[in-house]
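There are two complexes below, and they share subunit A, which is joined by subunit B in the first and by subunit C in the second.
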Partner chain A sequence: MNQIAAIAVNTFKETIRDRVLAVIVVFALIMIVGGLWLGSISLGEQGRMMKDFGLVAVTFFGLIVAVFVAAGLVHKEVEKRTVFVLFSKPVSRAAFITGKFIGLCGTMAAVLAGMGVFLFLLVWAVAGDASGMTLVAVLMIYVQLLAVMAVTIFFSTLGSAILASVLGICVYVAGQLSHNVLSLTRLGKNAVTEALSWVVYVIIPNFSAVDVKAGVVGEDTLAWGQVALWTGYLLAYVVVVLALAALVFRRKEF
Partner chain B sequence: MLRRVVAILVVLACAGVVVAYQVSRPARAPADPRVFVPSPKFFQDFSPSFRTSIADAYYLIMVQYYGEHVAGDGKLDSLPAMVDLVTTLSPHFTRAYLFGAFALIDAGRADVAYTVLQRGFKENPGDWHFPAYLGFFAYRYGEGETKNLVAAQWYEKAAAIPGSPDYLPRLAAALLAKGGEEEKAILMWGQAYLAGDKYARKKAVEGLERVLPKEKEARMRALAPLYETMPEADANALIAELFKAYVQ
Partner chain C sequence: MTEPSALQIGGLRKTVHVGFRRRAVEILKGVDLRVAENDVFGLLGPNGAGKTTTVKVALGLMRPSAGTVELGVDGLSHVGYLPENPYFYDYLSGREFLGFCARLFGLDAGTRGDRVESLLRDVGLEAAAGTHLRKYSKGMLQRIGIAQALVNDPELVLLDEPMTGLDPIGRVEVKRIIESLHERGKTVLFNSHILSDVHELCTRIAIMREGRVIWTGSVDEALAEAPTLEDFFMQVVTA
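Presenting the complex of A and B:
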């Protein structure tokens, strides 16, 4: 447990030192300029537009940080040969992967909290709308990104960092379209393709089951039971993917 | 040193070319009134998690499209499809329905505007704005002798919704009273003014200018009933606009 905590703390410090928090500054600047611009063209819908586009920006920036940092985590250690020093001590590979993931969770929490709180305050200050749902939506985006991070770390144990980044983004996009795969299974006349599409549907994370942004702009009333179930599903997904990553990494020879 | 100077000059020359090219482009490409508007189903199927963001983006495009064409060629061919896309992706986006409905009048599609508002009311049965504006549209763009009755029925529906303003029953009563078509028209244009956006307000002011007397005192008397059917601040703002020309 101490080993995991030590790796997590080091990973957190290392990634923060990589200036990922600069993303918050870029986000803030874009939102301030965008907010003022939207105010002039949205005919009184500034608050709605800022919340909606702000959450898209949080997702986009969060995805970039999640994928590119997660893809480099394991590779950096291997390239710098620090992994040899680490594994000469009684540290299991599973603990290494888990610690890395938890450290990155901390970094992502800092990045998303920064962006989320800034968005909340900006919408409050500019449009006078202080909906706590904005922060709930950021929390849900965080949970989605945890799954993307886990998948990216899994791919990084298989191949190069660039490949892992690309595949991580692909999984995010596929996760948004997972319900279409389900439609394919229903369309199929062939039992093999039907079974194959069903397997794909189960494997890719389901990001489209709950639309949190729609809840924020008053479009849908969120069913909290469904949100809790979805969160539990994604966290379970993370555990499974990390276990697979640890399994692959254990068999890896340096 | 010379190499550095040459390099700086080359970079500056390239920057000059970039700026000159962009500045020399026409400020605004001739806008086509027919633009491609995807089907709402496409976005519902392929990006359900981003449907409200797409609706918001298209709402901004719709406002810009309307503003650009209404002041230019007056052609708004793609407006019905845009209103449909935005309100289908975001069925509770009240402003999109109201703006779309008033904009569709300029596209010569009062029938579509009425349908859009009806759909909005179906999706948002607790929002009194929809039956209230359906009342305005029924009175202003409806035909036949029953249009006053239909409009009054909409106002009665709006008045029955909790949270609706207390002037709605007065509007219904005014519509059901015999005669006084000019007075009714003034009250109805006052309702259009309440839609809030600059385009609807402009339309209401123009509509009122057509029915109001030119003489100052008579105009003031004609506008007095607005205080009974509009919030005071809005009535004051509207009357101020209608008396702009009278202020020395």
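Presenting the complex of A and C:
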């Protein structure tokens, strides 16, 4: 436990101090401020437009941080040979993967909290809308990104950092669309394609089920029971994917 | 009576598969090696002889294809290791890095703090303790690498090219550290190409070539056969 905590704290310090991360966050904040302009040209819908655009910016930049930082986490340690220092000490591969993931969770929480609070304050100051639902939407973005990070870490134990990043993004996009694909294949009434869609639906989590952006801006009604259920599924999914990553990483030689 | 072993390696073989066609390359071809407790043991050999691979297999960083490795100490908790050309975390300071390593061994906060400060003093990095490692020179990284290898007060210390990148003052300091480890009853195994250091520090040596140990004995035994260790080394590896 102590080792996992040590690796997590170390990962958090390393990633949060990385200048590239700071640049990404600054870009994200600029994008969120850019929502002011969109808000100003949408009559009577300023707050809604700002929230909508801001949450898309938070998702986009959060996703960039999730895939690129997660892909480099394990790979960088191997490439720069810091793993020699770690694994010559009584540190298990599973503790390493778990610690790395928890540390990155901390970094992602800090990044999203910063962006979320900034968006909340901006909407409140400009449009007078102080609904805490904006922050709930950011929390649900965090839940989705946890799964993306776990998947990207898993892919990074198999191949290069670039491949892991690309596959991480692919899984996110596929996860946003998987529910629609399943619905479409049901319409086709072909048992094989429907079964295949089900397999994909289980392997790639349904991110759209916990995406509450539309509900927060009033475009959709929110089914909180479903959101809670899918959140549980995503968290279980994270545990399984990390266990697989640890299994793969256990076979690695340095 | 033979002294207890700190490290015993028998018939160690390691084959790796390289390239697109997964061509098998045998790096270690049956290494036999015994390091007695409290030895300062020099593992010598030309580049590609298999010295680093032997150490990596001993530490579990690589799996052996055949053969045995027995650590005479109770697991990796009692082993310290400095890799060749070490590279550490860019955005941690020297103090934070050593604290991190100490935490991996489960040292409590009090012991950790004392140990880190004393090691920073020993390797002459007190003034740079708060500086991020990305700003360290090669010699400073080598020193912090030696410090992390000693953070758990190990019984067995494996140092891969510990003098690389060090200026003369740094080399003297590292020699002093190795001597002090020997005085305190620790076992040190180090790989080096600098034979004058080996002559000065080692009690016993082994010479490797092409994945095998081709000679092992004391420094005195080597010097009985040639005027200098360099001459003896050349004699053995070119035979």
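Everything below uses one rule, namely that the second predicted complex is superposed on the first by the 220 of 254 C-alpha atoms of A that agree within 3 Å, B and C clash if a C-alpha of one lies under 4 Å from a C-alpha of the other, contacts with A are read in each partner's own complex, and residues count from 1 in each chain.
Heads up, the rule we're going with is that contacts are C-beta pairs under 8 Å (C-beta built on N, C-alpha and C of every residue); 3 or more make two chains touch, one makes a residue touch a chain.
Keep in mind the model is a prediction, meaning the values are calculated, not measured.
Chemist: Subunit A superposed: clash or fit between subunit B and subunit C?
Modeler: Partners fit side by side after overlay.
Chemist: Check whether A:Met49 is in contact with subunit B, with subunit C, with both or with neither, and answer first, second, both or neither.
Modeler: first
Chemist: Once the structures are superposed on A, label A:Ser208 by its partner contacts, choosing first (subunit B), second (subunit C), both or neither.
Modeler: first
Chemist: Looking at A:Asn190 after the superposition, I want to know if it touches subunit B, subunit C, both of them or none. Which is it: first, second, both, neither?
Modeler: neither
Chemist: Which partner chains sit in contact with A:Gln176 here, subunit B, subunit C, both or neither? Use first/second/both/neither.
Modeler: first
Chemist: Name the contact category of A:Val217: first (subunit B only), second (subunit C only), both, or neither.
Modeler: In the superposition, A:Val217 contacts subunit B only.
Chemist: Output check: A:Ser40 vs subunit B and subunit C. Expected answer is one of first, second, both, neither. What do you get?
Modeler: neither
Chemist: Look at the superposition and give the distance in whole angstrom between the closest pair of CA atoms, one from subunit B and one from subunit C.
Modeler: Minimum over all C-alpha pairs of subunit B and subunit C: 30 Å.
Chemist: Would you mind listing the overlap between the subunit B footprint and the subunit C footprint on subunit A?
Modeler: Looking at subunit A, the two contact sets are disjoint.
Chemist: Please output the residues of subunit B touching subunit A within their complex, sorted ascending.
Modeler: Contact set of subunit B toward subunit A: 45-53, 56, 59-60, 63-64, 90-93, 95, 99, 196-199.
Chemist: What residues on subunit C touch subunit A, complex-wise?
Modeler: The touching residues are 56, 59-63, 75-77, 79, 81, 83, 85-92, 96, 100-101, 103-106, 145, 148, 152, 158.
Chemist: Tell me, which parts of subunit A touch subunit C in their complex?
Modeler: 2-3, 5-7, 9-10, 13-14, 17-18, 80-91, 253-254
Chemist: Would you tell me which residues of subunit A are touching subunit B in their complex?
Modeler: Subunit A residues touching subunit B: 38, 41-45, 48-49, 52-53, 55-56, 176-177, 179-180, 207-208, 211, 213-214, 217-219.
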